[in-house]
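Both of the next two complexes hold chain A, though its partner changes from chain B to chain C.
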Partner chain A sequence: MRDILKSNYHWVTLFTLVILVGLVDMNFWNIESLLILMGDIVPLFIMALGLTFAIYIGGIDLSAQSMANMITVIASLYLATLGLWIVPVCFLVGVILGGISGLITTRFLVPSFISTLAIGGVCYSLAQWLSGNRALYMNSESRDALFGWMLSSTGIVPNTIFVGAFVFVIALLIERRSSLGRQLKAVGSAELAASASGLLVPRVKVLAFALSGGLAALAGVIFSIKLSGGAPSIANGFLLPAIVAVLVGGTPLTGGVGGVVNTLVGTMIVAVIRSSMLYLEVAATHQQMVFGIVLIIAIVFTIDRSKLSIVK
Partner chain B sequence: MPIIVLIALVVFFTSLNPNFMSLRNFARIAIAASPFLMVAIGVTFIIIMGSIDLSMEGGVALSAVIFCFAFLFFGGTLASGGWVAIIAALGFGAAYGALNGFIHAKLLIPSFMSSLAMGFVGIGATVLLTGGGIVRIDDDVFRMLLTYRFQGFPLMVYVAVFFLIVGILIQKKTILGRNLYAIGGAEDLARASGVPVLKTRILAFSLAGFYYALAGVLQVAKLGQAESVTGANLMFLSITAAVVGGVALWGAIGGVVNALIGVLIVTVINNGMVVIGLPDYIQDGVLGLLVIAAVILSTNRSAVKFVK
Partner chain C sequence: MLEFKNVSKEFGPVKALSNINFKVDKGEIVGLVGENGAGKSTLMKIIFGAYQADSGTIFIDGRQTRFTSPRDAMSQGIGMVFQEQSLIGNLSVMENLFLGREQEFRRFGLIDFKKMAEASRAQLAKVGLDIDPTIETSKLSFSQRQLIELAKVLTLEERISGDLVILLDEPTSVLSEDEVGLLFEIVNKLKTRAAFIFVSHRLDEVISLSDRIYVLKDGEVVDEVKGNKAKASNIQASMVGREINTEYYRQDQRLPFDKEAAPLLSVQNASVAKKFEDISFDLHAGQVLCLVGTEGAGREAIVRTLFGMHSLDRGAITFFDKPSLKITSPHAAVSNHIGYMPRERKIEGIFASMNIAENMTSSQLGAYSRYGLLKKADELKLAASWIDKLSIKTPSASTDCIRLSGGNQQKVVLAKWRSTGSRIIMLDHPTRGLDIGAKEDVYTMIREMSAAGIGLIVIPDTFEEAIGLGHNITVVKDGRAVKNFNCMQEQVTPFDLVSAMT
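Up next, the complex of A and B:
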């Protein structure tokens, strides 16, 4: 029983939060508004999914936000000409730039903290250059024709949730059912051991960063479709919540533990904490401080620290 | 190696625009680098332990705002008792850091997460105190830190140099300094040999908080005001600077002097891009590429087995 509880702390935290907020204001338990809340956080969730792979191998991807920013610009500029192809093209851009971060880290031994931050700077510059440093609007005809469905709902379920669920299932399959998933776990748990057993560690790591970049790009595409436009700093404020979502879900920075399911729960925890402030009528000037304090409490309850002898 | 990168950058920018190598421009670089250096020194103590601190933006902003409020409370001039505000701000910074360290070390939360959350709390508290506004200080005596120049450099630069030396002494000549390296090198060995790990960790974070508060006071001296974005961008920049200067993120390698060189490299790049007239929009990208190049050139790759 204790073991089952231990490996599901993140679920316990999530449900406790939902119950607590609902006790204060019953309106929070409205299924429809909870679904809308989930639909709204899909871009953040997809970015966090990507970050999960980078963090799972013990790295970090700080370029995710700038990547999404740049992609909103690219998507807004080229939606009309590329049509549906915009999605694979943007994904590919993300994969390539993420892969470059990975290559810099593995080939030149630059910590991923620095390499991804630097690639993020490059993305930011590209976004400013491509957009002429102003807000862009999408061609609304093409958007409505190709992606209009994403903004409506099926019954009471916003369609973005299906998009999020689709990406989630693919990420889950990669983690649980592919050899890449096993290799990621090996590299995250013990890189030297993985290397000694013949794994091509650099290749695995580059793939993890490429996935992270690709998913950040996907988050950017969905975000720009939702907003019907893009700008070089429109997704600012995504990076830290996305990292927090991964960590609160229970994927520690040391790697090898946790995974995409944890990130799903972690994203929901972040979303519940944020939206609960509206229900609990926390003043705007108090919100960030409350967020920080609740976060510390949530982390204390979520992480299984019994196996950690050293905490860095 | 990092020092060679620094010299190469100076030569490079000077060759493109001779004005780069002037006392006036060096003073400009020194002013920009002073608060930034304090933050980088603070976080270096943490990185030496193999941990990370992401609370600096909150620490700097909150100390700066508390300093301003205290300064105004004590009459709004240095002569009327405003100097007490400096002590209050630095004391507060050390306490904020200690709390940060306590949450990390006592509650066993990885420092990345605990300090990130404490950063939110710090920024949030700043917004709360200022109501989202700006607090101004216009005491001519206090602003002499920026306006009074000795040998071409403002007084704040000398303050920064003084605390740089203090930092070097703490790192090299104190038990705390030795213990930081012991923990960063092998925490289990350090613990087995009797290093008080918990106490050292909390002290180190407290020391870092003290340096963030110093940065906060210097920012106020530089800008004449404090607000919730007073520490903006310092988080990624200070860690980048430490790594560029040769402090290894996995701990026990590098020190305060490396942080200094790293800060100078990053500031020289930023200043140089403006001096040679690079368009605004490509500066972030160029900074990123140059930072990667600097890290590649300064890493002793034969000594590193793998990198996260």
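Up next, the complex of A and C:
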């Protein structure tokens, strides 16, 4: 019983929160508003899916937010010229930059939190330079023609949810069904054993960071479409909740267990926390503080101390 | 002055020490010897307070006492010179000597380094070191650092009222012959200041230095000899202890192999700097080669080099009679049908949070995927067949390996390499930590692999394993192959092996 509770505590957390918030304000249990809530969080969810891969192998990707920032700028600038191609191009930019973080980590043995932090700095500067450090607006004609559907709903379901579901299914396929997913699990579970099994550990790690970068870029594209524009700091405030989503979902910083389903639950927990702050009238300026605290609590509960000897 | 009476220590069901009686007199050097796993390090740890005995009593100068921690033991006069040195490289010699005691040199709230340097010189003189105490410790040679470690322990002299007992744990393992001589000279001089307990696997050194020698075996003191009357052969005999019994080893179950065929593996004069030197051997299909030696003798480095984890400095390794085939990474090793079961099962052997099927295919994902997608049904089928073949005790093939016992985990790893189609498999301590039944299963599997024509290199846990399993035994000492036994032609005894290793 305790084991079942322990391995499913992210579900328990989610339902407890939904019930608690609903008790405070019955309006919260309205299906339609819950769906809107979920639709709104799709960009964050996609970023968190990417981060899941980085954390799954025992690393972290701190560049995700700057990557999304930069992509909102790129998407806003080039949507009119590239049309639908903007999506694969942005994804590729993310994959390449994420891959570079991975190469820095595996080739030069720079811890991933440093290599991704550095690449994040590069992204931020690129965003400032490309945008001339101001907010940009998308060509609204192109946006409406190509992506207008994303902003409407099918019945009561916002269409962004379908986008999120599509990316989720692909990510789940990679994790559960692909050879790459198995190798990611092996590296996260026991890196030395993975190496002793003949796996190309550095390559696997580079791919994990490439996936993380690519999905952060995708999050940026969707975010800029929703806002019909971009700016070098428009996605600030994404990183902390995205990391919270992964860790609260139950993928520990040490990697190897958890995965994208956990991140789905974790993101919903983040969505509930975020909207409950609205219901409880927590000021917007206090939100990041709440996520900071939740992050620490999540780490304290999920970390496997037996794997750590020294914490720096 | 220090005396142990009927001291015992258990770790779960394992009796590490039982009823140890042990004493050290003032100004005496006491040697402590025994095979790997005989209980030496447990006894040492109890002496310097890292472990507490489960039963028995400890006396210092006839007064009953106990050591609750290394710090407590230190305050009662027990000093430990660590084998893995405890000095901090980027601090100066004097800072290391007085680490944690800086307040003794405080002046106006700051450390008076002049005073500390002066005090350090006095300490260094005790061990005959004439160096500048302000020098950074990492700039010194290994043997100098060892002496500083000793000097650090000797600073206890001025701090406690009683006499000192100093433990030396394998202090000579990385010293040259001259340095060993120097160390022994210093220890002999210091006998007026302290008693010593000397632990080493080099028997000749123990005999030449010690006044008295305790021989440990299976957690008990089996012999106690005066240093001047000690003979290496007698001590070795009591270290090994038991009668030799061919039936026990099941040597008759060993199958002959074809020596005329080209070897699977041929190693010629292989050397890796600071790990091993001039190693040569052939391994044929169906042959089991056991590498015997003390910890750190270079056995692990040899198998790791064959698996592509270290690169060769000199010599040649030829796999499958193909001189052009070079194994430079584990990936290359696995793709060329070489398997390796590392000693640290939990860290390098098994994926604890992955299930049995996932573990088994981890070295052969190419065969269990198409277009990058896994063939999960095939994986489960493979796992099911091996669970059946090796009677692995598990609820199902998709049970996470963390839920299996050590023996069953080991079976999973062996099944992984066998199903990968390995032609050479290297096993480092394959029975470590297993109960007797599980050990028997592993032996059976090794014999089956041998019968199936796989070449095996085994680093055994005990001499009995080496004798019972090996067609050949190579004794490795300080990185060199000092002796080869052909077990098909001669009856090898544990005594022969110990004599060659120590």
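In this text, the second predicted complex is superposed on the first by the 277 of 312 C-alpha atoms of A that agree within 3 Å, B and C clash if a C-alpha of one lies under 4 Å from a C-alpha of the other, contacts with A are read in each partner's own complex, and residues count from 1 in each chain.
The criterion applied here is as follows: a residue touches a chain if its C-beta (ideal position, glycine included) is under 8 Å from a C-beta of that chain, and two chains touch if they have at least 3 such contacts.
Computed from a predicted model, the values in this text were never measured in an experiment.
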item	value
Touched partner set for A:Lys226, first chain B, second chain C, both or neither	neither
Which of chain B and chain C A:Thr285 touches, first, second, both or neither	first
Touching partner for A:Ile104 - first (chain B), second (chain C), both, neither	first
First (chain B), second (chain C), both or neither touched by A:Arg274	neither
Partner with the higher number of touched chain A residues, chain C or chain B	B
Partner chain in contact with A:Ser195 - chain B first, chain C second, else both or neither	both
Touching partner for A:Arg177 - first (chain B), second (chain C), both, neither	second
Which superposed partner A:Val257 touches (first chain B, second chain C, both, neither)	second
First, second, both or neither for A:Ala186, with chain B first and chain C second	second
Contact residues of chain A, present in both the chain B and the chain C interface	192, 195
Chain C-facing residues of chain A, complex	177-183, 185-186, 189-190, 192-200, 256-257
Chain C to chain A touching residues, read off their complex	307, 330-331, 333-335, 340, 342, 344, 347-354, 358, 361-363, 365-366, 368-369, 372-374, 376, 416
Chain A contact footprint on chain B (complex, rising order)	49-52, 103-105, 107-114, 116-125, 127-128, 131-132, 187-188, 236, 239-240, 243-244, 249, 251, 280-289, 291-292, 295-296, 299, 301, 304-308
Of all residues in chain A, those that touch chain B in their complex	58-59, 62, 104-105, 108-115, 117-126, 128-129, 133, 191-192, 195, 201, 240, 243-244, 247, 252-255, 285-293, 295-296, 299-300, 303, 305, 308-312
